[in-house]
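Here come two complexes built around chain A, the first alongside chain B, the second alongside chain C.
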Partner chain A sequence: MKPWPPSAARQSLISCLSCELLSKAPVNLDDHLRMRCPRCGATLHARKPNSLARTWALVIAAFIFYIPANVLPIMTVTSLGKTQSDTIMSGVAYLLLHGMWPLALLIFFASVVVPLLKLVILVYLLISVQLRSRWRPRDRTRLYRITEAVGRWSMVDIYVVTILVALVHLGNLATIRAEVGAVFFGAVVVITIFAALTFDPRLIWDRLEQPHE
Partner chain B sequence: MSEPYLEKTATEPLPEVVLEQRSRFSLVWLIPLVALAIGAWLAYKTYSEQGPTITITFNTAEGLEAGKTKLKYKNVEFGQVDHITLNEDLSQVIVTAKLVKGAERYLTDKTRFWVERARVSAGQVSGLSTLFAGAYIAIDPVTEGQRAYAFKGLETPPPITADTPGSRFTLRAAELGSLDIGSPVYFRAIKVGQVTNYRLANNGQDVEIKIFINAPHDQLVRADTRFWNASGLDVTLDASGVKIDTASVVSLMIGGVAFETPVSLETGQPAEPSAVFQLYPNRQSIKEGSYVRKSYWLLHFTSSVRGLTVGAPVEYRGIRIGQVIDIKLELDLNEVIARIPVLIEIESDRLQWIGKTPDYDNEREFKKFQKHLWNQLVAKGLRAQLKTGNLLTGALIVDLDVYPDAPSQTIRWGKSYPELPTVPTSLEEIRNVLTRILEKLQRLPLEEIGEDLRKSLASLRQTAAETEKLTRTLNTSTLPEVTATLNRLQKTLAAAEKSLQAGEKTLITAEEALAKDSPLQRETQRTLKELSAAARSFRLLMDYLERHPEALIQGKTR
Partner chain C sequence: MTEQTFIACHECDLLQQFKPPPLDGSARCPRCGAVLHRSKRDSLNRTLALNLAGLILFAVANAFPFLAFEMQGQVTQTRLFTGVSDLYQQGMWGLAALVLLTTIIVPAVQLTLMLYMLVPLKVGRAPQHLAGVLRLLQNLTPWGMMEVFMLGILVSVVKLAGMATIVPGLALWAFGLLIFVLAAAAASLDPHLIWEKVRYVS
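Let's turn to the complex of A and B:
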C-alpha cells in the first residue's frame, strides 16, 4: 500500500470554519461529546457532522416524496371547457404521442431520470461508505460531483409549471393550475439537493486511509 | 502523535478543543418522518376517497376517452371513465368508471346514464358545450331502489330526469303518427309536457305513448280529459272557407299532443298518476270519439246476408258500437251445411262503464272480466240479428239487442273468436209483420160490416130491377117517338138550310139594292120621307082620336 500524504485528520488536528483557528482534537472522541473552537466557540467537525445519518434521512424522505410526485398530477390545463390533469409521466406520454420526442426526452430525463439517478447514486455512495469500500474512490467522488452539479436542473419542471400558472390565466379559454404533484416534486428536488450537500465525499477517502482489517 | 509533518509546520503548541455533551438524537430524522407522515396521509386520503367502480354498457364509445371522459351530474364532476373495453361478442362497449366517494347512494337500478353529446333535433339543440370540451357521461341519480353497480347506458338523453316535478300518463293510440320522444304536449297551445317514450302495446293492436306533464300543469289532467294528436296541419275545406288548425310550428315538424277537458256530465276528478288515456287522431275526433280497444266476435247467420257488406255498422238499439269486419261462406263437409260466418268488431271503449272499471293494463284480468260480462249479457238474451238499415238500398246492419224470450243460448268461446248467438232474421221479421197485421185485423168490426154489406146488396139488387124496368119502358115506348122527332128535326133543319140560302141571296140582292147611288136608294129615301109624313099625319090623327074618341063614330065635330 502506497503511503498517503499526511492529513489534518490523521494528525488529530481540526480547523475552525468560523475563525480559521487550527486546534488539536482528541484522538478518540467519545460519541456523546461535541467539540468547540477554543477561540470563537463554534462547533468543530472533522467531517460534515452526522453526514451519513443526515444524508440517509434526506434520501429516504426524498424517496417517499418521489412516489406522490410521480403519481399525483402536477398541473391541470383547462382549455375551452376541457379539463385535463397531467402527471409527469402522462405529460411525457402526451408529448411522445404527438411526435415531440426531443422535448419528451428532455422532460423525461430532467424530471424522472435525474432525480431518481441522484437518489440511487447517493444511496450507492452511502452504502459504499458504510461498507468501507475501497473500490474506485476517484470515480465515486466524480459521481458525487456530477450529482451535486446536475441536481438543481431538475427544478426546470417546477419553473415551467410556475411560469405557466402565472402566465396562462385566460379565463374560459385556457387556465393552468398547479397541482399537489408539483409540490411533492419540488420537495424531492430540494431534498435531494440537501442530501447531496450533507454527504461528505471525504468519507469516501477516509476508508482508504484506514488500514486493512 | 509525534509526526514530523506537524512539527515542521506548527511552531507553537496548538490549543485543545473544548469538549461538551451533545444531544443524542439527530433532528435530521424528523425529515423522513414528516415525509412518511405526509405520504401515509396521502395514501390514506387516496384510499378513503376512492368511490365505487361501476360499469356501463353503451352501443358505441363515440366521444368517450379512457382516463379523460368525466361523469357529470348538473355539470358537477361525479367520476371519471377508467377504461373502455368491448364485450365478448363485440356488440357493446363496456365503460368502467370510477366515481367519487359517496356516490354509492345514487347508484340504484333506476339510475340512468347516457352520453351527453352535441345533438341537433327539430325541437332543440343540446350539448353544444361538448363540442369543445368533449362528450361526457351524464347521470340521472335516483336514490330509491336496489343498489346496482352495472348499468345499461341510454343511447339518447332521457327527456325527463328524476328530479323534474310532474306526472306521467299513458296514452293509447291506433298508431304513433309523427310523434317521437320529446314531442311536446300542449294545453291551450302552451307547452306543458312532452312525450317520454312509446312502445307497442302487449296486445299488438295499439301503441302506448308515455307522456310527462310538468308540475303544476299535471293538475289540469282530469279523469275525463281528452288527448289528441296535434301533429301537422288540420285543413278543413267547407262552405265557410278553408280552416287550418295547427298547434305550433314546432309540432308541425316533430309532432305533438294536445289535451283539453270537455265540459260534460261527469265531474272531472284529477287523473290518477299513470292513468291511461285515449289519444284521438285530431281535435274534432275528441267529440266524435275514436276507439282503440276492440273485441272481435263471430256470428253465424243461416239466412241470406244479401245487403250486408264489410264495414256495415253493428248497432245496439240504434247506437253504433262497431262494424262488420269480414263475411265468408263456409261449407261444413261433415254435415253438408253452408254457413255464413260474419266477423264483427265491437269497440268496447264506446261503452261508458258504470261501476267497477276494468283494469285495462292487466291483459288477463281484462279478458276475464270481458268474458264474464258477455256471458251475463247473453244469458240475459243478448242476440245478434240482421236488420235492414236502408230500405232503399236494402243494406243490412247487424243489430244487437236483448230478446228476453229468445231460447237460451251461450257464447261459444272458440279458438279464434268467440261466437255470439244470433236470432233468425227474415222469419222473425215476417212473423212480426204478420202478427201486427193480424192484430189490426182482429180489431176490425167484421160482423157489422157484413150486415151492412148484405143490406146494401139487397137494396142494390132492387135498384137494379127497377132500373131494368125503366130501361125496358124506354125501349118500347119512348124510343120510336124520339126517332120520329129526330126525323122531323132533320127535315126542319134541311128546310132551314134552304131558307138560309134564300136569305143569303136576298141579302146579296139587298146589298146591291142598298148601294148609295142605286135607284132603290133614292126611291127608298123618298119613300121614307113620305112615310114619315104619313106617320106624322097618322100621329096627328091618333092624337085627335085620343082626345076625341067619339069622332070615330060621330065624325069630326066642327
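Let's turn to the complex of A and C:
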C-alpha cells in the first residue's frame, strides 16, 4: 500500500466535525477539554471522546433490548371478541401466509436483519479497532457508512403499528393496541442510531499510522 | 479572512488540500472514499425554493386526513397526529414521543430553520446565530424520518387492504410529494457555501 501523509491529528490539527475548519490543537492538555471551533462554536475533539467505551455501552444496551423487542408482542388485535397478539416475527409469518411475501421480506429485513446486522458490524468494528487491525480499512469505513445510513429504516415497524392503531379503532368490531415489545424495539432503533453516532471511524485509520511493534 | 486551503477528512482524518468539486459533482477523500463536498448548481436558490414547497406540503400533510379506513359502514379518518395521540392514550407515551419527534417536530424544525437561514442569505445578509442554526440542522439530520414513515404508510395500506376499504386522503399525496421535495432539498444544500459566510466567533 502506498504511504499516505500523516493525519491531521498527527500534525496537531483538529478538524471541526460541523464546519470542517482546521484548528491548531492546544499544547496544554487541559485546554483540550473545552475547546471550541473559532468559526462555528462546536466543541472540538481530535477524536470523539471515549468513542470506544460509549459505543460498546450503547451496543450492549441495544443487544439487551433486542431480546424483549423480538420476544414480546408489539401489538394486539381485538376483533369481534377475539384477541390476537403479534410479535415482529409472527407479523412477518402472517404476511407470508397471506401471500404478501414482498412485504414480509421488507419487514423481516427492516425489523430483524438490519438492527442485528448493525449491531454485529459495530461490534466487529469496535473489536477490530481494539485489536489494532490493519486489515482493509477502506472497506471497514464503508461498512461504518452503511451502518450509519441504513439504521433509520428499522423504524418502519414502529410507524406501521402507529398507523394501524390510529386507523383501526372501531369499538367492538376491531381495535388495535400497541404493546410493550414496540417500546423495546423503538429503544433498539434509537440506541443503535446513537451508537453509530458515537463511533469514530477515524480510529480505524489511526491504527495504520502507528508503526509495527 | 483567507480561503480555507486544507481540510481533514471527517471519516479518516487525512489532511488534504481543499479542491472544489466539479459543478453538480462531488469530491471524495482519496484514502477512504468519504464524500467530502458536493457542489450544486444554484444551490441557494434551489434549496430555498424546495424548502418553501416543503413547508407548504408539510402543512397540508398535517392538516388533512391521510387515510380513511372503512369497515362495515364505519369510517375512521386519520391525520398524522392521530397515531401519536392514540399511542399516548394507550399509555405508550415513549412511543408517542418518538413518533411525534421523528415525523412532526424534527421535520417542522428543519423546514423552519432552513427558511430562517436561507431567506436572509438570499438577500445578502447573514442571519443571527447562523453557525448555531446550521450546526443544529446537521445534528437533526438523523432524526427526521419522513421517508421511513411513508414506507410505513404503504406497508399499513397493503396489510389492511384485505380486511377493509382504504381511502387515501389529500394529505397522503402531499406526503408523497413531500418526501421527494425534502430529499431534493437536502441534496441541493451545499453546507460549505454557507460555512464560508459565517463570521468568526473570535
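Assume the second predicted complex is superposed on the first by the 180 of 213 C-alpha atoms of A that agree within 3 Å, B and C clash if a C-alpha of one lies under 4 Å from a C-alpha of the other, contacts with A are read in each partner's own complex, and residues count from 1 in each chain.
Following the convention adopted for this analysis, a contact is a pair of C-beta atoms (placed from the backbone, for glycine too) under 8 Å apart; a residue touches a chain by one contact, two chains touch by 3 or more.
Source: prediction; values computed, not measured.
J.: I'd like to know which partner A:68 touches here: chain B for first, chain C for second, both or neither.
T.: first
J.: Would you check which partner chain A:202 touches, where first means chain B only, second means chain C only, and both and neither mean what they say?
T.: second
J.: Quick check for you: in the superposed arrangement, does A:27 touch first (chain B), second (chain C), both or neither?
T.: In the superposition, A:27 contacts chain B only.
J.: Is A:35 touching anything from chain B or chain C once the two structures are fitted on A? First, second, both or neither.
T.: Touch partner of A:35: chain B, not chain C.
J.: Applying the document's definition of touching, compare chain B and chain C: which contacts more of chain A?
T.: Looking at chain B versus chain C, the one contacting more residues of chain A is C.
J.: What is the contact status of A:191 with respect to chain B (first) and chain C (second): first, second, both, or neither?
T.: first
J.: Considering only touches as defined above, state whether A:44 meets chain B (first), chain C (second), both or neither.
T.: first
J.: In the overlay, answer first, second, both or neither for which of chain B and chain C A:11 touches.
T.: Both: A:11 reaches chain B and chain C.
J.: Can you give me the overlap between the chain B contact set and the chain C contact set on chain A?
T.: 6, 11, 13, 21-22, 36-39, 41, 187
J.: Using the touch rule from the top, collect the residues of chain B that touch chain A in their complex.
T.: 1, 3, 5-6, 14-22, 24, 26, 28-29, 31-32, 34-36, 38-39, 42, 68, 70, 129, 132-134
J.: State the interface residues of chain A toward chain B in the complex, per the touch definition above.
T.: By the definition above, chain A touches chain B via 6, 10-14, 21-27, 29-30, 32-39, 41, 44, 50, 53-54, 57-58, 60-62, 64-65, 67-68, 72, 80-84, 187, 191, 198.
J.: Quick check: in the complex, which residue numbers of chain C touch chain A?
T.: By the definition above, chain C touches chain A via 4, 6-8, 10-16, 31-34, 67, 69, 71-72, 74, 76, 78, 82-84, 86-87, 90, 92, 94-95, 98-99, 102-103, 131-132, 134-135, 138, 142-143, 145, 148-149, 151-153, 155-156, 158-160, 162-163, 191-192, 195, 198, 200-202.
J.: Which residues, counting only chain A, touch chain C once they are in their complex?
T.: Residue list for chain A touching chain C: 4-9, 11, 13, 15, 17-22, 36-42, 95, 98, 100, 103, 106-107, 137-138, 141-142, 144-145, 152-153, 155-170, 173-174, 177-178, 182-183, 186-187, 190, 193, 197, 201-202, 204-206.
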